[in-house]
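Listed after this line are the structures, all set down as structure tokens.
Both complexes shown next keep subunit A, but they swap its partner, so subunit B is in the first and subunit C is in the second.
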Partner chain A sequence: MGYPHPSHPRETPVLSKYFGDAAARTLTGWQARGGYETLREALATDPVEVQNVVKDSGLRGRGGAGFPTGVKWSFMKPDGKTHYLCINADESEPGTFKDRELMRWTPHQLVEGTAIAAHAIYAETAYIYIRGEYTEPIARVSEAVREAYAAGILGANAMGSGKRVDVHVHKGAGAYICGEETALMNSLEGRRGNPRIKPPFPAVAGLFAKPTTINNVETVCAATHVLRNGAEWYKSLSNPANPKSTGTKLFSVCGNVARPGNYEVGMGFSMKEFLWDLCGGPPAGRTFKAIIPGGSSVPILTPEECEGAVMDYEGIQAAGSLLGSGGVICFDDSQDMVRQIARLARFYAHESCAQCTQCREGTAWTTKILERIRDGQGTMKDLDTLLEIADNMTGKTICVLSDSCATPVVSGLKKFRHEFEARIPKNRSSVMIPAFSPAAA
Partner chain B sequence: MSLHAMAPHGHDQHADHRPVFTGARRAELDELLTRYPTKMAALLPALWMLQQDRGWVSPDGMAEVARELDLTPAYVKGVVTFYTMYHQHPVGRHFVQVCTTTPCNVCGAEDVVNAFLRETKCGELGVTSPDGRFTVIEVECLGACGFATPVMVNDAMIECVSVDAVKDLLAGLD
Partner chain C sequence: MTAPAAPANPGMVTLTIEGREVVVPPGTNLIEAAKTAGVLVPHYCYHPSLPVAGVCRMCLVEVEKFPKLAPACATSVGEGQVVHVHSEKAREARKGVLEFLLINHPLDCPICDQAGECELQDYTFAEGRKDSRYMEPKRFNPMEDFGGDVLYVPNRCILCTRCVRFMDVVAQDPVLNVSERGDRAYIGKFEGSDLTHEWASNVVDLCPVGALLSKDFLNKARAWELDRAASICPSCSQGCNVTLELRDNVVVRIRPRPNMAVNQHFACETGRLNYRWINRRDRLEYPQVRTADGLVTASWSDAIAKAAALLTGTSRVTVLASPSLSNETLFLLGRLATQLGATTVTTVPRGHQAPLPGVPDLSLRAERAANHTGAALFGFVDIESPLASLGPDDILILADAAGLVATLPAGSTIIVIGTVLDDAMRELADVALPICNFAEEEGTFTNLRGRVQRFLQAKAPPAQVRPSYRVAGDLATAMGGGAFPALASDVFGVLAAHVPAFAGLSYRNLGLQGRPTAAPAEVTV
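Presenting the complex of A and B:
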């Protein structure tokens, strides 16, 4: 539902059904709403069968990459090794706050999904890595875990199944990059959150060098509903014209918009109707100037590009951007795009782990140049330099933080170039300073 | 020369350091260690305990954590400096974090952070107010973008803080 606003009739509240319902937070409240029955059934089902139902449903990872969840689970084989599950609750992508509400309102939904996913990948231990700033979600999920242990839902004999399922909450300490799955594993191991070079992929050697699966909060919550109601039901929630994007998706909407909040709609929803009908359009008296549809790391769209777009993985890609994490950031006509793109670049410069040269140097220089353009100190050549740096930052590093910084710069320069040019003093052009030569001096 | 004397400044525990991991904290750490296959994995949680009890992550505290987890003090410091939430210096009684990343920025978050700097008399980001009550910082995305501007005061998250609300919010803090 459109929390904190009442549910819109065109929403499909599945995961968000109990947002705002404080009674759903407790174990008894969750059980009264049918909670943990799906886990009971799953524990009695062969993991391969669980994987297959999720595969059939078409559910794809909701953290941003969109990898098919059932396929990811099927990489984990009953090889007798210790397996781990990591739940990525490090939600740090600017514009995204869906996992926050899932954890605040329905912590047991996450615990149940986590236990099911652990069973599906032959893991006995799962860690829920929650970003340190999420103090309330940490408290809610920790309490849900405590209740679940006390009731025998978790532990050595989970729900009397004879299977061990341990779930631990692990608190992050402030680092955007720890939402990158290999950085998350390093952080959990007590290291600096530097991303790892792949291969080896986590399914081969992940957490503590053991086969590991990393799933987003929303993904495992959705998987529970898939198992409860079946793959066909899940597919029926989305636009049948596109079988590649199924089920519902939570979109977080923020920035200059009449009704910011979390909205859950079937995949394939019209972006125009979403922005204007569900979210109420731009603030009164304003018009939209730009929309970032999938968290700050994806290309910026113009309102015209959004109008015909449908909200699923393929639809947003066809419009020129990405679905990403589903964080929709709105900019109205009062916004200065140079200033806002410079602010975004500063975010990435602040969050770079500094491991790769292209990212460490590129994010900092991009910010420096954008800020001098913002302050009226730029040159026309700076615009070319920005694109050149962006090119050197794309596809050349261990993780995609570097690419994520380049993306809004490139799309912003392409779509709002006039705003950048207007900031450059008319008479200013690059001046070549001859190299200093000691011999000539 | 004893090993103690050779240890670089801040890398060993001073005689007046009150150990954190005693009593209930000791039990908590011992329980925590059962959750992971390595001692090192308890580093972030152990540092959280240290900061909760002492208000910041002091060099002596880091040395104690290092000893508890069979790590070197330099390693612990290397990890501490990676993360933004561990205070490497004492901070004001109320640590105020104002989100100014793009989604909040477009909703006027910079005016909110300036109001905090003015009303707390901190004047500058990261500088503690003369009365020791406040330290104000800008924070990158608090993950509450639909509730601009979100502000954290110690562990409490306050949503939808406007410039006009800052004075009253501060008046409610000791």
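Presenting the complex of A and C:
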């Protein structure tokens, strides 16, 4: 299948196998495709065994941070406390829309993965936190949850296993920061969506101060396939040369590209082939100028840097950026990088939760300077100021929103400095009014 | 991984802060640990009486082996940690925070009430940049009346959220919030609510900058013009530790003084705003005695002699004393009463109670007198109508008791020891002896939990006014009660030697935090 394009022959559609297949959305359709058999088996398996299979598979968190999922699950011990599972379906990172399609086409895939993950962490209650703008995914997942309850897949006696699995769908109110795991928990609790200071970590005191695991939509969907086909199968999908990044990854491709959309490839796929063969390269008559490979928060790459890169956690890091959430944003040679980076900064300034000083003030200041440069009112000194502000914004705050705003500025200034300089009027050293001098008057 | 080494001090955590070894209980944060080494970690959002927020990022310090700078407020001490507060990396980070805080901050220190006691000013002076790189227009939000005694100036606000946390967690009256996001954020008030909580004014003290201001203190004085004296709030029996702040011998503000055993860092609205009476100008300034020409000014020796002459005889004497007089004065009035075989009574004014829910046993108390516990210890009985049984031939000594009783019996002999003499009293008094109010003398109060706390002299008394304990002592001496010391500290020494509840206490060991009496009053919460 594939959506909006048929799957490319070089894709490895595992999670995205039923994209475009409307029949897979219903419970009967999902069961006809083998759905919920893995959940039945998982519920009969000891959670530690489930954790170990996922650990062996090398599956890492698909939300951006890339933390090993099995290890995260193993933090949750059968300690008699109430545990919670949160599924992060906020997908707020600009340029990322893989979870949207997973939820639109295969909501039962998410419900199944959620139930398995809940079982693996000794939780009876799971919350799926979906961003408010995702009206169709909210409707699809809510319907899937309703169907699953009606069929006894969820509830007090999930699939007759004697275990309770409750899944609640929660609609976010539309804030980028609510995709940060601790802000998401605050939002779920009915508080302002502000990130929490760590420690305590969610595994110790998370949602409602109880041990909590937060997983991305894609992560729990992938975990189902790991359990169904085994850890070795999962590892075989990716480049065996790099055992640290395994399985497949969904990449959302947008911007100036011939065929935008979601692509699922094995980890370690060549970025050059991905961009030019699968995605069709830049629009006709254009060339790529810049690529952001992992959502708007990661460093910008030049096409040259992309050419030799492979698409896994380590490969993109070696090229100078991060895999992040897998949102590939393409810019062609018609784009003005000053304008683009100023727009990104404005987004972060708008979305800063206002807790930490560096972020609240730094994102807005960065935006004001960038927009001044964009409008031809900048000075050469502004460029140094921008870098110093970025340095003051990096690594000093509760969450990484501040760092995320600084990242495109630093990498953009490094790689496209000439575009910034071209915007600055010649011989202009300062826009400040000179001090009044009585001698000159 | 090697096993952690055994702690150098069992049960405690030993670490090094700025080259100094400190030993603190486990779980202490780095700011508090640094305080024990005499090191101040600059901070804004942290406050010892509020939950940790970790948002201002000012208290970033360098901890060896940590990958990043650590917020000292939210980092617990670890055995063997080596912490650098003033390393270049930490200083640079704080310099960055200060620059960010200042870009949208109006540099209106010359007209800001907080100037001189502003942490933004202080830390900028200590560690900030000397120039500004900010060339954009500053954010603007208009000033807002938060109700109660509080004004909000959002342009000066650094969003530390101390006020929000105070109202949420300590006052438990969630009126304030952070509204909006990013640099548009400001402290908002929930729809339909105001800062009218009895303890809401604490947000003014908690605010590290000039964003939350007291309407009462607005534009009255610059912080550096103020004289300050440690005192005890006289408005109820809680005994909140306060600082009296004066400009040119006039009290202009009462602010809480930290005492973790009594009021933590807080004071109520009633206590803060009840200071104008201290500054009354229509005082009784000279001793007065009644002659054929009416009440005339006399010397202190003549006035004491006249009072002694009146008291010599067989008449019944009643001493009605204010429950807000000091332990020292009430003790000496008690001695005088013993000498005369007099009845000792008081009457405690009452009002509404207003607890501060987040602090145990802290409330504006119904008993609106600073020392009713002390009065009881010295034998003054609290009676609603203390003069009901007074006969026409009785002698009445009124010690700072004007206003405690509505009407005075005509025909009695009345000796007034007081700060003021109103028209009615001027008609009735036979002798009037002018005394200091509590701000003009030194002394101690015993609070409702039996804690004895010192207050210091804050202002000069007018004219020939004398400390109340001295007047009481002189009268007792004149009646043959022996000599008493002239200093409050020495009077307290005599008191401690004679009254078992005060055994072992002295001004030296009371310090400025006070101590419980030997037999503390029964605690009822």
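Here is the rule we go by: the second predicted complex is superposed on the first by the 428 of 441 C-alpha atoms of A that agree within 3 Å, B and C clash if a C-alpha of one lies under 4 Å from a C-alpha of the other, contacts with A are read in each partner's own complex, and residues count from 1 in each chain.
The criterion applied here is as follows: a contact is a pair of C-beta atoms (placed from the backbone, for glycine too) under 8 Å apart; a residue touches a chain by one contact, two chains touch by 3 or more.
The structure displayed is predicted, hence computed values, not measured ones.
Enquirer: Between subunit B (first) and subunit C (second), which, if any, makes contact with A:His350: first, second, both or neither?
Expert: Both subunit B and subunit C are touched by A:His350.
Enquirer: Using the touch definition from the top, say if A:His168 reaches subunit B (first), subunit C (second), both or neither.
Expert: After superposing on A, A:His168 lies in contact with subunit B but is clear of subunit C.
Enquirer: Answer with first, second, both or neither: which of subunit B and subunit C does A:Val253 touch in the superposed model?
Expert: Only subunit B; A:Val253 stays clear of subunit C.
Enquirer: State whether subunit B or subunit C is in contact with more residues of subunit A in the superposed arrangement.
Expert: B
Enquirer: Is A:Ser296 in contact with subunit B, with subunit C, with both, or with neither (first, second, both, neither)?
Expert: A:Ser296: touches subunit B, not subunit C.
Enquirer: Is A:Arg360 touching the first partner subunit B, the second partner subunit C, both, or neither of them?
Expert: second
Enquirer: For A:Asn262, select first, second, both or neither according to whether it touches subunit B, subunit C, the two together, or no partner.
Expert: Once the two structures are laid over each other on A, A:Asn262 reaches subunit B alone.
Enquirer: Using the touch definition from the top, say if A:Ala150 reaches subunit B (first), subunit C (second), both or neither.
Expert: neither
Enquirer: Applying the touch criterion given at the start, work out whether A:Phe97 contacts subunit B, subunit C, both or neither, answering first, second, both or neither.
Expert: first
Enquirer: Just subunit B (first), just subunit C (second), both, or neither: which does A:Glu133 touch?
Expert: Only subunit B; A:Glu133 stays clear of subunit C.
Enquirer: Taking the two structures together, which residues of subunit A meet both subunit B and subunit C?
Expert: In subunit A, positions 175, 192, 350-351, 353 sit in both the subunit B and subunit C interfaces.
Enquirer: Per the contact definition, I'd like the list of subunit A residues that touch subunit C in the complex.
Expert: Listed in rising order, the residues of subunit A that touch subunit C are 175, 192, 197, 349-358, 360-365, 368-369, 372, 385, 391-392, 395-398, 431-432.
Enquirer: Quick one: in the complex, what on subunit C touches subunit A?
Expert: The touching residues are 52-58, 60, 68-69, 71, 74, 93, 96-97, 99-101, 103-104, 133-136, 139, 158-159, 161, 177-178, 180-185.
Enquirer: Which residues of subunit A touch subunit B in the complex?
Expert: Answer in residue numbers: 4, 82, 91-97, 100, 131-136, 166, 168, 170-176, 187-193, 208, 252-256, 260-262, 296, 327, 329-332, 335, 340, 343-344, 347, 350-351, 353.
Enquirer: For subunit B, which residues are in contact with subunit A within the complex?
Expert: 35-38, 40-45, 47-48, 69, 71, 78-79, 82-86, 97, 100-103, 105-107, 139-148, 152, 155-157
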